[in-house]
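All chains are identified by letter, namely A, B, C and D, in their written order; residue positions are counted from 1 within each chain.
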Amino acid sequence: MARSHPNGPRPTQITAGRIGLYAFLFIAALFFLLPLYTMVVTSLKTMDEIRLGRIFALPETLDFSAWITAWSGACMGTTCVGIRTGFWNSVAITVPSVALSVFVGAVNGYALSLWRPRWANVLFGLLMAGGLIPYQIFLYPMVRAMANVSLYNSLAGIILVHVIFGLPLVTLLFRNYFVSVPEELCKAARVDGAGFWRIFFEIMLPIAVPMVVVVSMLQFTGIWNDFLLGLVFAGRDNLPMTVQLNNIVNTTMGERNYNVNMAATILTAIVPLVIYFLSGRWFVRGIAAGAVKG
Amino acid sequence: MKGMMKLLLTGVVFAGMLAPALAEDKPTIEIMSSWTSGGEAAALDIIKTEFEKRGGVWKDSSIAGFGAADAAFQNRIVAGDPPGAKQGVIGLAAADFVGQGLFNPVDDVAAAGKWADALPKSIYDLISYDGKVYLAPTGAHGESWVFYSKEAFAKAGITEEPKTWDEFFAGLDKLKAAGIVPVAWGGQPWQQTKVFNMILLSQVGIDGFLKIYVDKDKSEASIEGVKKTLDILGKLRGYVDDGAAGRNWNDATAMLITAKAGVQFMGDWAKGEFTVAGKEAGKDYGCMIVPESPGMVYIADSLWFPKTGNAGTDKAQKLLAEVVMDPAIQVEFSLKKGSVPMRADVDKSKLDVCAQKGLELMTAGNIVPDQAILLTPQQVGLLDDFVDEYWSGGSNDMASAAENFFAIFE
Amino acid sequence: MQSAVSIKDLKIAYGDHSVIEKMSIDIAPREFLVLLGPSGCGKSTLLNAIAGLQDITAGEIWISGKNVSWEEPKDRGIGMVFQSYALYPRMSVRKNLSFGLRVAGLPKTEIEARVARTAALLHLDKLLDRRPAELSGGQRQRVAIGRALVREVDVFLFDEPLSNLDAKLRNELRVEIKKLHQNLGNTMIYVTHDQVEALTLADRIAIMRDGVIQQLASPAEIYHRPANLFVAGFIGAPAMNFIEGRIERGNGSPVFLSNGLAVDLSGYSFQAASDGPATLGFRPDHLVLDGAASRLPTIPGHVSVVEPMGSEAVLWFDWAGQSLSLRLMGEVTLQPGDTVAPGVDIAKASLFGADGSRL
Amino acid sequence: MPIKRKPHLSATFALLPTWLVAVVVFIGTMAWSIRLSFTNSTLFPSSTYVGLAQYVKLFSSAKWLASLQNVLIFGVLYVAGCLLLGFLLAAALDRKIRFESAFRTIFLYPYAMSFVVTGLIWQWMLNPTLGIQASVRSLGWETFVLDWVVNRDMAIYALVLAGVWQGAGLVMVIALAGMRGIEAEQWKAARIDGIPVWRIYVSIILPQLGPALAAAGMLLAMGVIKTYDIVVAMTNGGPGNSTEVPAKFIMDNLFGRQNLGLATAGATVLVLGVIIAVAPFRYAIYMRNRAKGVA
């Protein structure tokens, strides 16, 4: 029987060990929270206050102007429109990329683990090797290739690039998940007359929901946070938020506006953060359901 | 190589075919630059405003950081979909692109605008390849400058600009004693290399400098000069603050603006930051050529015009070249950017004291080109590595370091 | 009459590794055939091949008079029940039962009728809207059986269907399966490694080892007249006792000699007479406690362990350094250390030659 | 007559796009890179072959050698650090803790942050004139030093710190999931044997989490070789070469330094290294699976 909730030895009284345990947890929590705290606090300060140099102090008065500037007024080169356009570009890039790569990854994992066609192991090995190559070296030939199929500098192009570079990880996770699905399930469905796609959509995909959640979250953060691929492949009309963040952070007006930079940084990170805060439990459940296994 | 070029050109033509026909035939241009800092952006805006006034449509593709912008630009070239214009320095990097036949000449504009007469010959030669003009120079930057905060100098009791390195270090000691960071150091390789070069010029003189970089001369005198340069550079390590490593140049300038630091070694674009912050040259901050220097290292910015295969863009490129070389624009741009106008025939009265000093040196010919003009990008990188390694390695072994320096050219 | 399932010269191999070696079986309509053997003997592979889930290397498989060697599983007219039930986890019981019918595109009313009929037969009516995770092990297995039944085919395949259940449930479901077979009268092929299931359910048992059928016969035949040492040792609990020795033919009737023991073999019906080394096998229930009284050849020894099992008991005794067992009905008063001299009923015993086959 | 049933056409068909990517993108790019690494290509590919000259140049470059050493140090410490901290956090959370889900969220959220943001924040926190050091000093402890980002000897550890901050949460989740899956009877048995709790975690739980932790380690290791963003955001390779990494070396030479030949030589060495490091591992897994599959 697997334990469904914490069930170590029953806690008895407050022992030294217990105190140490909580001390460890609180110190760890402090370590993990400090950077976020600093960012939020700094973004709410005025520049005058920031110059005092006490980065951990609470702001004297709450000043949201940095947030407004970051969202709609901060300058990049000669244009000063903040990062809001980038926000929608990021959405337009990330959502289809995640959906597509999760789908492809699920199909791959399913085919590789439960059908094992010829050369399946070779393909899997190739993908894993591909996953270990730094993608900087793909840039040059990829640019050429994308231009040849006239997908360079387009939304479709950047989405395709994300799907391609996501393939190794997504396939690995889904394959490892489907490997643990009993083969008999597939056999039973075949006796019932279902084919490759029918088994996938009606039986395997529903089983893999926890995995879909995990992979979606991993891919979402990965793609949302990408800078390099967006810069190179998206084209100027589709530049994601991270590229604009880079522009804002590296643009100064006589003095570095730390509050605006921090606000812009938080704004850029906020979507994945909210997703983790809201659906972290699903992520944990997905992992527990066997998303990552040896 | 030929096959590669063919492919590239096919890509260019292909991209041209795909470019949607413009509803209006207003000359439209996408300009890619890494001028995102305050002064830089303001200067770029001067060109933009005039360009739009003359009927052009301006699409801004600014990417902060030279590295990121260069990567994006090269990828666009590779994809056969380059932007209509790219901001970049005059030098061997540009020459590479021209050599590959990837840029449009702006010869007719140059002829009509009599650029040959307006520009110093050395500059005109640098923007011409095989007798054709390819680049539109925006302005020259002096790179031998020491900027100092008058407020900080006053606090430390420094009343006169130091004339020698000994005086200079004495001044730094005073600043240190006054609790001020003596040198606002931008600890990025390219900035450090600029400091190395300005000191080198002060030690070996104009001829010595050109001998080393152009002739790759490894004579006793050259080696001695490099050693002396490294000695001074090494001494400076003692006058920077803890946060210097990796610091951006504009952050370093901000330390002067707020009088947290005394001096900064930088190109004159730093003035742009002072201007944006409302500081005035000669009043709030001072500018001097590094001690003992007989002249000034310079670098020249320009606009590059890649071949896009689109007739509308070709037209826009010509208009843009015209705008950039307009005498009034050259001055306005330089004021914002902190540079020195390229044209000799501009109204000098508007320029600040620093720019006038720079222009004097330029007209007198007491200038040497920056390494970007003289060295290949590979060598520029190796030079950056060399200076950075010496600076942050903390070694004082000048002899073996000098050996390494000359290895760059092998 | 035409066979329900016919396997002709079947061979299955992975590369050089042969799993099924040139096998032929004919299974009659309404027959209940059990494939029995230790794990790795190829019995599940054979079943999968019949189902069409396993590529075959050579030979043919015929079902209901049709060569289905190349057919997809769904087109073979079979239903299958798996060891792990293989219920579709995200579907309700109703959906699990109807999935195959929906895939086949049967009319809705027909599907509903069949599901209802099957559910009634297996007492699943109240469970139709539950998910597999909400069912007990026995209920899951009944759903798995239902999924095969609802296809209304002639041949059912069972792949160790009871081995994931506890002993009590296993006994109950075993009876249910037997009843089901009696009521429906379909052909059933049933893979198991449990000899009790095999003996109780089968019309015929095929005992397999290393991809080869050792004996294909009725349970009684297999129990009483095992074809070889392997079959003899595999079937029966406690296992058959074996004594090694040799057969000698003095003047007239043959005698089995071993360690001072001499057993007159005149009561044994030889299939093939042979002198020389042999193994005498006799089941614990074919030993009589007081051999002398029954005038049987006796095997004297000392009691080592007594295992009472309620209505019967198993007695273990040592003879010539070997531990032999004996099944007794009723109470046993013997204690360890007591001397016994049980007699062996040679008419019910088995003799195996040097090559292990029955003499 | 050998009999073959209809092959699994659909499965093969479904994998076609992936085959295309694997062959065209992964193999194609590698082949292209390897070819260019033997040429004198600078800004654009050239077909003038120069033999192993680029490799000779590569291995006489102090920067490249430093980058290899750095990525090794960073990789080992980062993966080990994430595994250790992640395991400790998971073990602590497994002890019937109040606010477990709040703690879990706190430990996991950095994983949602990009390496760029992670690098920026920690660069700021560890910067002696702005961050923790300045703050502590302003509280009166004037000699307090925390200057990792700008200290040549410590900068690589600053990267590790930031990396562990970002990645430990993932390991925690994986380890916690594993701990919750361990049979309750083992706890009972250990309790009856009177084994101390820490000992149970080390000797009983840890070995069982082995495969899960190995998978987590693999996920992290996949990122190590690609380490680029966090370095650029935090130290840009400095001070000196102290945080230079191969991916950055390749990137710099590919673009800024217009040195395709050297960049592709670096890439080839890197990929070869990865294959040599990973191949025996994968081969072992393959053999193990094969042994299982046949039996």
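In this section, a residue touches a chain if its C-beta (ideal position, glycine included) is under 8 Å from a C-beta of that chain, and two chains touch if they have at least 3 such contacts.
Please read all numbers here as calculations on a predicted model, not as lab measurements.
Participant: Quick check: more C-beta contact pairs at A-C or at A-D?
Facilitator: Output for the comparison: A-D.
Participant: Let me spell it out: compute each chain's centre from its C-alpha atoms, then which one is farthest from chain B's centre?
Facilitator: Chain C.
Participant: For chain C and chain D, let me know how many angstrom lie between their CA-based centres, rounded off.
Facilitator: Going by mean C-alpha positions, chain C sits 54 Å from chain D.
Participant: Would you mind pulling out the distance in Å between where the CA atoms of chain B average out and where those of chain C do?
Facilitator: That pair's centroid distance is 89 Å.
Participant: Taking each chain's centre as the mean position of its Cα atoms, how many Å separate chain A from chain D?
Facilitator: 16
Participant: Any chance you could list the residues of chain A touching two or more other chains?
Facilitator: 139-140, 246, 249
Participant: Send over the residues of chain B in touch with two or more other chains.
Facilitator: 71 - these are the residues of chain B that touch more than one other chain.
Participant: Would you give the residues of chain C that are in contact with at least 2 other chains, written as numbers and ranges?
Facilitator: As it turns out, chain C has residues touching two or more other chains at 52, 72.
Participant: Which residues of chain A touch chain D in their complex?
Facilitator: 1-11, 17, 21-22, 24-25, 28-29, 31-36, 38-39, 53-56, 104, 107-108, 111-112, 115-118, 120-121, 123, 125-142, 145, 164, 167-169, 171, 176, 195-197, 221, 224-228, 242, 245-246, 249, 265, 268-269, 272-273, 275-277, 280-281, 283-284, 287-288, 292-294
Participant: Going by the contact rule set out above, which residues of chain B touch chain A in the complex?
Facilitator: Residues in contact with chain A: 7, 11, 14-15, 18, 30, 33, 35-38, 41, 44-45, 48, 59-65, 68, 71-72, 75-76, 78-81, 248, 250-251, 254, 257-258, 273-274, 276-278.
Participant: Where on chain D does chain B make contact in their complex?
Facilitator: It is residues 42-47, 62-63, 123, 127-130, 133, 147, 149-150, 152, 155, 235-236, 238-242, 251-259, 262 of chain D that touch chain B.
Participant: Can you name the residues of chain A that touch chain C in the complex?
Facilitator: Where chain A meets chain C, its residues are 182, 184-185, 187-194, 198, 202-203, 206-207, 209.
Participant: Write out the stretch or stretches of chain C touching chain A in their complex.
Facilitator: 48, 51-53, 72-74, 78-80, 82-84, 86-91, 99-100, 103-104, 147, 151, 159
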